[in-house]
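A single structure is presented below for examination.
We call the chains A, B and C, going by the order they appear; numbering starts again at 1 in every chain.
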Amino acid sequence: MSVAHMASGERRPLRAAHFPVHAVLIAAGVALLVLWTLAPVYWMIVTSISPGKDLLTPVPHWIPQDPTLVRYQGIFSSGQVALLSGTTNSPGMAILQGVLHSLFVAVATTLLCLFFGQLAAYAMSRLQFRGKRALMLSLIAAQMLPAIALVIPLFFIVRTLGLVDTPLALILTYSGFTIPYVVWVMTGYLDGIPFELEEAALLDGCSRLQTMVFVTLPLAVPGLVAVGIFSFLIAWNEFLYALTFTYTSASKTLTVVISEFSTQFGLDYGMVATGGVIASVPPVVLALFFQRYIVSGLSAGAVKG
Amino acid sequence: MTDILLRLHRPVNRERTLAAMLLLPTLIIVGTMVVVPLVYAFWLSLHDVQASPRAERPFVGFANYIAILASPAFQHALWNTAYFTVVSLVVQVPVGLAIAILLDQKFPGRGIVRAMILIPWALPTIVNGALWQWIYNPSYGALNGLLRQLGLIHEPVLWLGSPIAAMNAVIVADTWKILPFYAVMFLAGLQTIPRELFDASTVDGATPLDKLRYVIIPLLKPFFLVVLVLRTTEMFRAFDLIYMLTSGGPAGGTTVVAYYAYQVTFQSLRFGYGSAVSFIIGAVGLAFALIYVRVIRAGEIR
Amino acid sequence: MTHTLSRRNVLKGGAAMAAGALALRPPRAAAQESVTITQVTSSDQVPYWQFVNDQFKLEHPEVKFELIGVGYDQMLSRIVSQITSGAPLDIYALDIIWVGQFAGQGFTLPLDAELNAAERAAFLPGTLEGLQAGGKQVALPAAAWFKNLFYNTELVQKMGLTKPPATYEALVDACKAAEANKVLARPTGWGFNQSEGMICDWTLILHAFGGQWFDKSGGWAVNNDNGVAALTYMVDNVKNAVFDPASTTFSDRDVMNPYLAGDYFAAAGWGLYGWSLANSATDSKIVGKADVGLLYGNAAAGTVSATCSGVSGIAINKDAPNKDLSVQWIRSFTGIGHRENVQKAMDLSGMPPVQAWAWQDPDLVGKNPALPKLAEQAKYMFARPSANVARYTEWSSMAQIELSKALTGQVAPKAALDTIVANGNRDFPGINF
């Protein structure tokens, strides 16, 4: 310990000499960013594992004195659990099913949006046809209406298609609202990628589709990852349509399940926090899994050309 | 030159067919899930629609629209929304860009940090609203608790106690959640800037501020446009957060237009009126979008 | 070549999507003689209705139930979406605040004929009446919610009292004394944030002060002398920190926290829920010190007490696909009630009994000793004007904003009430007198 300390103490002047000022700034900025991001998350976790009464102190116990996993146990086991109001309906497996439904809906929405959105963006960016600008503007303009306005009309459509209480209702709805943005962002992104590589491929005798898949697509990956995260989280977070279109354990999403922690008498912060912790796990795991693709700069070399 | 070559290579009408096919799935989905309900909602907005399916639905023309524009409650909500939107954007765009630039630098653990900052964005808005309501709790909330521990306050601060304080509290909660969105979008945009431009500007002796002004900001223009349009419409559509955090209070100080639309639609069950409110919100949002296009002059979004 | 190929691919993709759509649909039961009753209720009541439905199925094996539980705050939009779009809905939970609105919209089947005199007499006074509008029984009571005064026996003693103050005047004196003597920094508070809960607390204070919603001619009357006295009392004591200034940010649930923490000597809370909360080992620091008393009266107005009703009912959709079965179902559990069902309602879903006898029944009281004390308060029950206003929730939103303005010091109490009355007479005329 002391040896290591001395060793690092000896090295310090050397390092400081080599470190440019902005490395210190970066470190400070990252520290600040991490603190700002994680402090409320930490508090949410503490809330989820503290007994209700331990939360009622003027200066919070930042480290829970008497941590309990009872809320998580309630979530991962079926049957009744004792909640705030004495005995309340246990969400039972509902929250796990909610996670699965939300994941399914969000992944499917993302794939659908990326696939069709990329096709459309390619057309918008690389092909010549009239009315392009008008088409883009109307796609975007159609998104301006608040969700509330379309709930009842969409519910009619979902019922007509026979999709009430199915994940597909949500997948299609979310796609309708997300694809235009995917098209817009990806069109801009493709416009930023020089055409020379594709041109070369075309001149070499590749077909349009081949060029699109093998040349353009790899270059578009950082943009696709960004709009992919966007699409996933739009679907993951959405509440109002999910509430209206899904209502049994066959399709209820996580946000709908969490909303049931609010009763006539108010919010059960402990349970909502527990739901929040669970809700943030899958996206973060996915993000960690894909983190090297989050704007990996994969294309940076190619774009240079 | 390129153009001529390409035109030689593929006839225009064939290109048009391919474009139509590539666009078709998008148009079908958007048509069914957005345009059709939108037309229906517009029909509703021109009628006096009661919730009961048996009730008469008389045509009233633009009466709903006129009534809304004259309504003090709507005007108040519009003003609240304007404040919410402007202050949020003024804070979030620069900070979001700063975070993106920060995350574009090389530092150990960069991948982890990039993934980690997504957590607030991944938290469902209804959870975010509840979480911040709990943080702002005057007696037992974490914020007052921290300030108390640091000896900065002795009496509890009522973060949601006045209209203006509550609106600012809403903005903080919204900012915490949505900064990752800016970061991800701008970070993607930064990848489209060729490294040579940076290197060249460094050789030319440009300061970091010069790089920001002459390289980053001009080249990110399309991304600014996307982010501004998206966020503005999102704020004009903001509902979940207000619904959970303040229910529009106190004294109506955080009632934004989308929450107002929710109230008239689902509490008052005035579907025609509620649809008309939504179309007015949509029109204002669209006006903002067109202004951005003008200002940023990224005419090439095509 | 490429052309046709891609078109074929598009078609294939379409077929795959359609197949996916079919696969994702829940399997429909094969055509047989079973009927499905669709029921919407709040999630916390689901376990009890499951129990009731299982009982019903013993006698009607052909019946299946689609029991949809949603969060309380989401019930209205769920029910309305279902009704407006013509989706199947037979039975649903109807909160007291929707009575006039749902009756006005014609959403409910009147249930007057389903009760005989004996059954009517068995209900806890106020519960049946709370769910009537336009002279019709819009819904039948399922959970008899109303507010009680919960107090902390130890803190009351420390304040030099033997029981909580009986009047609002005495309450102010007791709070001032406790603050002056440094017994408690904030002796009590209310749920005065902009929400429906604020209207509940206003209802019970307004009526204790002798105020009323309407005058004899049916005009709004909350701005008469008694009404102004009530709101002035609320505003002044929050402003002067006699009551917790944080009251303006508390919902009626938030205000229980300081009580549970032992920081308030008393708070108004919802019956059985408040009681189980106060005695919860995990959520309360005052287990063993909690007791129930009468909410305050007003010496000047000569009132003993006043509480606010929050009765929740069960209604049948006017367009129910299974109307007859739904009526049979509702008959099977209402009326004089069975002890087992009443106990189950309390155990499974924390629902307070709607039958008057249940609150004194030796067996039930043996298990729930607070019942008789809680029931005392039911004699002083007042309802929000939800049966007398066709668009109550809209009126309530308007009134909440004006009250909130007064409580945050933006307008004077009288001015706020004048606005509520003016708006009320213009947009929300009283009905059903």
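Throughout what follows, contacts are C-beta pairs under 8 Å (C-beta built on N, C-alpha and C of every residue); 3 or more make two chains touch, one makes a residue touch a chain.
The structure presented is a predicted model; accordingly, all values stated were derived computationally and were not measured.
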So using the touch definition from the top, which pair is joined by more C-beta contacts, A-B or A-C? A-B
Measuring between mean CA coordinates, which chain is farthest from subunit A? C
So the centre of each chain is just the mean of its C-alpha atoms; given that, what is the distance between subunit A and subunit C in Å? 36
Rounded to a whole Å, what is the gap between the Cα centroids of subunit A and subunit B? 15
Multi-chain contact residues (two or more partners), subunit A: 56-57, 151-152, 156, 208, 259, 262, 267
For subunit C, write out the residues touching at least two other chains, lowest number first. 6, 77, 84-85, 254, 257-258, 261, 263
Provide the list of subunit B residues touching at least two other chains, using ranges where the numbers run on. 25, 139-140, 266, 271
Spell out the part of subunit A that touches subunit C in their complex, as residue ranges. 51-53, 56-57, 68, 70, 80, 82, 84-89, 151-152, 155-156, 159, 161-168, 207-209, 243-244, 247-248, 250, 256, 259-267
Provide the residue numbers of subunit A that touch subunit B in the complex, in ascending order. 22-23, 26-27, 29-30, 33-34, 36-38, 40-41, 43-44, 47, 55-60, 112, 116-117, 119-120, 122-125, 127-129, 132-133, 135-136, 139-154, 156-157, 172-173, 175-177, 179-181, 183-185, 187-189, 191-193, 195, 199, 202-203, 208, 222-223, 225-226, 229-230, 233, 236-237, 239-240, 254-255, 258-259, 262, 267, 269, 272-273, 275-276, 279-280, 283-284, 287-288, 290-292, 294-295, 297, 299-300, 303-304
Residues on subunit B engaged by subunit C in the complex (per definition of touch): 14, 17, 21, 24-25, 50-55, 73, 136-140, 156, 158-163, 246-252, 255, 263-264, 266-269, 271
The answer for subunit C against subunit A in the complex is residues 2, 6, 20-21, 24-26, 42-47, 66, 68-74, 77-78, 81, 84-85, 87, 95, 145, 197, 251-254, 257-258, 260-261, 263, 270, 272-273, 276-277, 280, 282-285, 310, 312, 347-350
Which residues of subunit C touch subunit B in their complex? 3, 6-7, 10, 13, 76-77, 80, 83-86, 101, 105-107, 193-195, 244-246, 248-249, 254, 257-258, 261, 263, 319, 391, 393-394, 397-398, 400-401, 404-405, 407-408, 410
